[in-house]
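A, B and C are the chain letters, set down in written order, and residue numbers restart from 1 in every chain.
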Amino acid sequence: MDLLTSLFPWITNGPLIVVQVMSGLSVAMFLFLVSVGMSLIFGVTRIVNLAHGSFYMVGAYLLVTLVETLPQHPLMFWVALGLAPIGVGLLGGVIEVTLLRRIYHREPLLQLTLTFGLILVIGTAVLLVWGPDNKSVARPDALAGSVRIFGQPFPSYYLVVLALAPAVAVALWIIFYRTRWGMLIRAATVDREMLGALGVDVATLYTQVFVFGSWLAGFAGALSAPTVAVALGMDGDVLTTAFVVVVIGGLGSFAGSFISALLVGELQSFGILVFPAVSIVLLFAIMAVVLIVRPWGLLGRPEE
Amino acid sequence: MADPDGALVLQTVGLRKHFGGVQAVGGVDLAVPEGDLRAIIGPNGAGKTTLFNLITGDLAHDSGQIFFRGEDVSGLAPQDLCRRGLARTFQVTSIFRRLSTLENVQTALLTHHRRHHDFFRPARRLYREEAMMLLDRVGLVGQAAKPSGILAHGDQRRLELALALASQPQLLMLDEPTAGMAPRERHEIMALAASIATDAKLTIVFTEHDMDVVFAVARRISVLHQGEVIADGTPLEVRGDPEVQRVYLGQRFRARR
Amino acid sequence: MTTVRAVGWLVVLAGLLVLPLVLPSFLVVVMTEIAIVGLFATAFNLLMGFGGMVSFGHAAYFALGAYAAALLVKQAAWPMVLGLAVAPFAAAAGALFFGFFIVRLTHTYFAMLSLAFAQIVFTVVFKWKALTGGDDGILNVWPPEALKSPRAYCYFTFAVAGLAILALHAIVDSPFGMALRAIRENPRRARFIGVNVRRHQLFAFVLSGFFSGLAGGLFAFFNGSVFPDFAYLNKSFEPLVVALLGGIQSFFGPLAGALGFKILETVIARQWPVYWPLFLGTAVVVVVIALPQGFVGLLQRRAWRTPTAR
């Protein structure tokens, strides 16, 4: 016990652990939103949207602009939070209809290359529209401070994220498992051709899924904007982490994304305490271990 | 099963595999002696290809054992089985389509001779004569330079046979070798396989639907039905087996007697 | 080799020898870059065109080579040539480690995991300021006096890259290369002729990483400095675009692609640096949409025309 305590002085610090767990959960929430969008799109359309990180970034930038242009009012932040992801969803819709529709029947690697190209296009577009400087947006006044949890400070904004987390997860679950649309999506992940043969308009379903997935990424980006520096290069950072989450959880698996996001979120949170600079390597180690045992991720299925 | 013809090249004991709730292969005991020309027949869904895949390591079996030349090879990877002398062809022709016919065989040869980690020599000069000899044996010398993907179906089957032979196997497993061929071609290719078997002292196990081919070529037949062996013996014995007739051969053969 | 071909090669060789002498300095610099990018893309194409494995994170090995060379020269005061000699081995070590995990997957997962690993290299380089200087990079990584002038370094690069490309050519032509192409065509059949597919692919991955690291090392001294974005997405994209542009079905395609790519970049990126990624991304999107049969189609069209297809 003494050795442990000297290595990890916080280990007996109960309140600190609780706060770290909670902040890990908030991180997990962002990761979950981004990854579930990517996972969803892959599960139905079999396309890995590499530009997903770019959508996240656009969501953050849109929030900044909306907060700046909308009239000053405490509620306006939430309005902006509602609008920003819609913009990203629209962007996703345009991309799906004009570009992705033409390549669904092609090789997966071709599709990957196209979305790879989109990263560059969207990245430059963001640079042209918003300029090279970092942006920031303040948290809404009501949530700018922190509360005390067992005596430890915890940012209030994260509390909201934490409260939002189960809400969003439950909403997604309801959508996927209790609505007709969700049933169609789940059917599509299993057998697209059959679905088309049954008279379902698969093309429109794909568009809807892509828009929804983009919306999720945009929502994650907008939600995270008050907590990070909104800058170019956000797309690459979040893409890496989302990748790791999605690879560990398994592409196409809703539950996999959830579990994996929790794992990675907590790891990042505690990793900072243990080995700040090396948390990414720890992440990689976990990913490696998972891949040795289950090459398709925890809950993923092998490719066709 | 005691066997008077000599050492067993292939033996399975209680081989089982199920998918979900379905028993695809249920306790198959197979004993193939050296020099045998064994046909495995059975109606569609009897488990023939599954059995093949279990033996050649494509599928993991649930229980049972597989012996190759006396050695327990259950669970070995395909490349290890190949090195021990087991070669196979597939129901859907499996060759290297964008390589030329000659290159296909050259690749198989240089792999067999463990030269495939050589970085320095130009490969196109290696094993040309041996490759041409193999192509000659299967009747493909004229097609040597063509990309194998554009060969006629029957020629691609022959090429696959040559690929299998390149590793100088003791046992050749042919999964529906005559699939997609016209009747005359079927007899030709099986006659070819049989003559190669005699020359090279090779054992052949093959699955087949065409009964004419089976009865013309096979020395022994194993009949599979719903994942189990229901008869095992010479063509005459199998033909006369009431169980087989009932389940599989049907009216046609009963009338023939 | 036919006479026409031999003459063609002689012309190319003569050009390589003479052009650095007659062209103005800034074009000599461009030629050096073409050689480096050409080497990188050729090494990449060993995996893609010949091995059928598309890596989206090859910048990792380029960066590992560049940083290894830079660190050895700056921190350990090694002579440039030694630093350059070790660079590919550092990259190969990375390729061995990452490749072990990556080759267990195929196609989409392979590409994605390779990208993830490259991003991890980027993040580690970025954050480990003590060792790598982080965002500031490592500066003043110059070749020795004798090789410092653009012309001298150009000849040096031609020599090193040229030898490396010859080595890659030998590898592609060798039994190793033939077995690799067989795996590309039909992994299952390759197993059944006795090839340990995963191990073979790992070898190819390491070789590809080795030569990518050499390109990175050459680039470090060419550029005079190394930065974390050597490991970033954009850099990983380069060999892919270059190889596609020049043709992945032939060995020298990527070199031709490097020539075309650099010319475009010189023209466009110098005038409008902000728009270069936009142009690149758009070009890729357009090319992808316009290729009727995708990557495979490119391979097939050429293969059917010539009987002794590679």
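Keep this in mind: a contact is a pair of C-beta atoms (placed from the backbone, for glycine too) under 8 Å apart; a residue touches a chain by one contact, two chains touch by 3 or more.
Just so it is clear, the model here is predicted, and its values are computed rather than measured.
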Chain whose averaged C-alpha position falls nearest the assembly-wide average: C
Centroid-based (C-alpha) most distant chain relative to chain A: B
Mean-CA-position distance for chain C and chain B (Å): 43
Separation of mean Cα positions, chain C and chain A [Å, integer]: 32
Mean-CA-position distance for chain B and chain A (Å): 51
Interfacial residue positions of chain C with respect to chain A in the complex: 54, 56, 101, 104-109, 111-113, 115-117, 119-120, 122-124, 127-128, 232-234, 237, 240, 244, 274-275, 277-278, 280-285, 288-289, 291, 294-296
Residue ranges of chain B touching chain C (in the complex, touch as defined): 56, 77-79, 82-83, 87-88, 90, 94-100, 103-104, 106-108, 110-112, 115-124, 126, 145-147, 149-150, 163-164, 166-167
Contacting residues of chain A [partner chain C, same complex]: 48, 50, 99, 102-103, 106-110, 112-114, 116-121, 123-125, 127-128, 236-237, 239-240, 243-244, 247, 251, 277, 280-281, 283-284, 287-288, 291-292, 295-296, 303
Touching residues on chain C, where the partner in the complex is chain B: 170-171, 173-179, 181-182, 185-186, 188-197, 200, 203, 299-300, 303-304, 307-309
